[in-house]
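When the chains are written out, they are named A, B and C in that same order, and each has its own residue count from 1.
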Amino acid sequence: MMRIERTIKYEGDRVRGFGKEVMGVPGCEQLWSCIQCGTCSGTCPLSIYMDFSPRQVMALVRADFKNEVLRSHTVWLCASCYACTTECPRQIRITDIMYALKQRAIQEGIYPRRFPIPVLAKEFYEMVRRQGRITEMLLVIRLFLKTDWFAALGSWRLGIGMMRTGRFELRPEHIERRAELAGMLDSAGAEGGKPKEAA
Amino acid sequence: MNTNHKNGEVRIGFYICHCGHNIAGMVDCPAVAQFIAKLPGVAVSRDYKYMCSDPGQELIQQDIREHKLNRIVVASCSPLLHEHTFRNAVAAGGLNPFFFQMVNIREHDSWVHTDRAEATAKAKALAHAAVSRVRFHRALETTRVSINPDVLVVGGGIAGIHAALTVANSGKKVFLVERDPSIGGHMAQFDKTFPTLDCAACILTPKMSAVRSHENITLWTYSEVVKVEGYVGNYKVTVKRRPRYVNEDLCAGCMECITACVFKEGKFPDEFNAGLSKRKPIYIPFAQAVPPVVVIDPERCLQVRTGKCKKTCIEACADRHAMDFSQKEELVEIQVGNIIVATGFKLFDAKRIPQYGYGQFPNVVTALELERLVNSSGPTAGEIVLRDGRRPKSVGMILCVGSRDVKTNRWCSRTCCMHSMKLAQLVREHTDADVTVFYMDIRAPGKGYEEFYDKSLKEGIQFVRGRVAEVTDWAMAPEEEGKMVIRVEDTLAGFVRRIPVDMIVLAAGMEPQADAQAVRRMFNMSCGTEGWFLEKHPKLAPVSTFTDGVFIAGCCQGPKDIPDSVAQAGAAAAEAMALADKGYIEQEPNTAYIIEADCSGCKSCVPLCPYTAITFDEAKQKAQINGALCKGCGTCVASCPSGSIGQNLFEDEEIFSEIEGVLAYV
Amino acid sequence: MKYSYFPGCSLKGLGRSYEESLLPVMKHLGVELTELNDWNCCGATAYMSVDEGKAAVLAARNLAIAEQAGPEDLMTPCSACYLVLNKTKHNIADYPAINATVQRALGSARLAYRGSVKVRHPLDMLINDVGLDVIKEKVVRPLKGLKVAPYYGCQIVRPYATFDDAWNPTTMDRLLATLGAEVVHYPLKTKCCGGSLTGTVPEAGLRLTYILLKEAVRRGADVIATTCPLCQFNLDAYHDQINQRWGPARIATVYFTQLMGLAFGMPAEQLGLKRNFIPMKPLPAPLSKV
């Protein structure tokens, strides 16, 4: 049976002030000048996988449709290759806006549980805060454990390959002044604390 | 010298205008009037709603009579708007109009402040300054300068041609100077024009012929203006006439010399065909060139460059003897009263956008190049073909190339939507290919333009709303092999598309000419931030410039289509003719003068004058200023080491008292 | 020539062959590299996704340490580190709010950053500081007959195109030509490889990698030369998954420093070439010494 869905957006769906807040992030004021030309989506290598194209996300942000934007997986599919930012005829820092949206999604916990990308970001964040550096293999293993450890099993070939080529390193890399770094990180940022778990 | 304030009592009338809400909204006008009323010498001090209105002006005249006023100060808007109005009112009241001083408390005060108290304080200070100054004003008379009725038109495109014909038809003499060997400009390169699809050459060439045969037009092609001296009504212009090496009066345009040239085939890019074909060093720009005279390219002709050539061209012209290699560059001086600058535009260089592949892929062309392909007198006799001679089956037209982009040109080039649609229709007509137009917006505002858009849609031209991200040559699907692929987000349909095409046409935008800055300085014009020549007022004075007697028309003022260029050309012609017919202008009496008694003959001022108005009288050993040439810039006044130069309307005591007036309050 | 050296986490981990080839090559050219003392992770794309204040502080700690260490430029071979450090520099200079956060955080560790460090990429240094003439002199085994597709990836040319053109960079092309290789025309030289998405969302990320491999093979390249450890990993380690999903596209990917090492006559083992999943085809037999 055909699934019928009703889609209409009321003013109540908008979160007034969201667009202005995002555009308050340094460098993102240019979004006011967006003429919706579509160059960003046209040049983005990942736009064909996104539910809202980068251009649509820009329109939604400017129109205060916070929930639609943060719940889309567009922001997570951005590989920050900066092609859009370079090509935009209004020099809008689209990649930086995507980062700002990622930050808000993580801070408010709006993303699907076990969705690998925000989980990766948080694990990365934690590891650096503790150790000062990333040990890639450890990070990957932690990621798989927290999201989809079936996939970890499926990648056994990759694991063997890495061991064979001497790229499989489990010894944690770390810096000397770990406490100093942790203190510096804690004193900066929006909440000065850990990002929220997924809603 | 200034004596009024010593001989008689100074009786000042002060008026502060509310200008509706414009000034009164931020400045407490009654308070300012009350403040001024208390100053010495002020006999009348009023605030009024609209000073520039008839009752306002009559108020001044009435007060002059009743209160025996001999100085008037009005605090209102910018002098550029109403100084003339108020001077006339003062004159009508029986007083010399230069006993008047105007204070700008609108653009300089109420419009740029947000704090009422501060704005009012500033208005008081400015008014105080004016009242202090006006005491020292003297009676002055304007001088009349006669206007030479001849007109110079610079640029022989459609705007220049129309302006020249309009002025010439009124009986005045016109010099039309064009840099290229023929007039016609870009319009001569077009095939059909929108929205009527008239043939460009068919409507242009009659006007070109009219120029050629008009008894009042002196046409100098292959010539450039190199120096402009003088001022409105009295310009002395030096024109450089480049040698064609062909005698214009003798050449019949038979082109035997071209056939006979030692270069058997064309070798050099043909400018008229946008570089798509080659010409010889001796050539006629195009078949309908005016003048229909051959020209020799001095950088490419063997004889001119090396002196060693068989000179078969001279042989071919044996009966008329029109070839003349002894010609030299000539500098000719002309005197004109008004100048109309119509120097046109330059096409944006599409190579600056490597994403579109111009210069990389052979079948990416600009719209101008396509015009030449489509035109039956073009390099392919009207056949639209790819570089290898095949007919294209699919054509993509990319709009806004170089325009509406902060990284290249911010502005919209205004004509590209329309000319792209026109070319799309012509491509369909000539080839039956699939044509897709990639746009951000379709701008079709003129008469018949929206209908033209509809016609394009009805003819099956596809319109995809999306700015093209890139043109690539790597295939992701079998139908893309061997073609150029356009990747774009079809924003209306809501997905990204890859569209393979055989040929891509870039609607490259318009830019100011490469030498626009040098040209505008020569004519003493301003330009906007974008480089287009600046009109005096964007709505109310679109063809005048800030230099009296110099007008602009056509694309040099900003991108526009042919109807608007012609309209502006007519407007510029009318303005020039108005001045010429009146025969004179009244010059503002702000000239400098030498105080002979004090002049020590040091000659410091002589070389400083930008208008060469100062000479040195050897007999008297004193500097001399020609009042007719002086424009009142004040340079000599400021520079004189002994303070021996004064300036009418800007006497030392006037300026110093103004400064004291402001400081006293502050 | 002396430089401070910021390896980044990857060059000690998955991308270790980049460091293994970079260090001997630089030494051979007389370039002295001093690894930054107690450097920390730059944050890559992950930190910017969590909090921009923290991201700035994290990266700025390295800049502060570098500034303290001396006046030398900071060489940063990893593309992500290069981008993050430059971006942090710009943010500190352009946005007072970020500058305040950073200086305060640095101050709590008795560090400070005055904005003087120049963050440079090895390609920039090789072309502009060392010079292609000097490099040419050191070539003892020209890579004649080797067709190389130069792949820059995104982060060293976008958004900061400081030492090369963003759309069509040529520094690596010229370097490879100096080494004697035949540089293949590779229009995808700055297209994204998929980044970290190859691991998290493989159907999207791996396809981008596949497109790069496919086109390099089509253009007749023998090997892809790259500048980024993540690009190298993506292009090298996922061939079987890519094969399974979309079809064959087999070509080796090496670091440009490894090719430099080979051209300088260094043995392959010393350059970390055995760490490749897809081994590079043996170099064509050297032509006679003419």
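Just so we're on the same page, a contact is a pair of C-beta atoms (placed from the backbone, for glycine too) under 8 Å apart; a residue touches a chain by one contact, two chains touch by 3 or more.
Note that this is a predicted model, so its numbers are computed, not measured.
The greatest number of inter-chain C-beta pairs in contact is found between A-C.
Of all chains, B has its CA centroid at the greatest distance from the CA centroid of chain A. Mean C-alpha position of chain A lies 51 Å from that of chain B. Inter-chain centre distance (chain A to chain C, centres taken as mean C-alpha positions): 23 Å. Looking at chain B, residues 355 sit in touch with two or more other chains.
On the side of chain C, the complex with chain B involves touching residues 167-168, 187-188, 211, 215, 218. Across the interface of their complex, chain A is touched by residues 355, 404-407, 440-441, 465-470, 487-491, 494-496 of chain B. Chain contact summary for the complex, chain B toward chain C: residues 354-355, 472-474, 476.
Listing the residues of chain A that touch chain B in their complex gives 35-43, 47-48, 53, 55, 87, 89-91. Contact residues of chain A toward chain C in the complex are 25-27, 45-46, 49, 76-77, 79-83, 85-86, 95, 99-100, 102-103, 106-107, 116-118, 120-122, 124-125, 128, 132-137, 140, 143, 157-158, 161-162, 165-167, 169, 173, 175-177, 180-181, 183-185, 187-190, 195.
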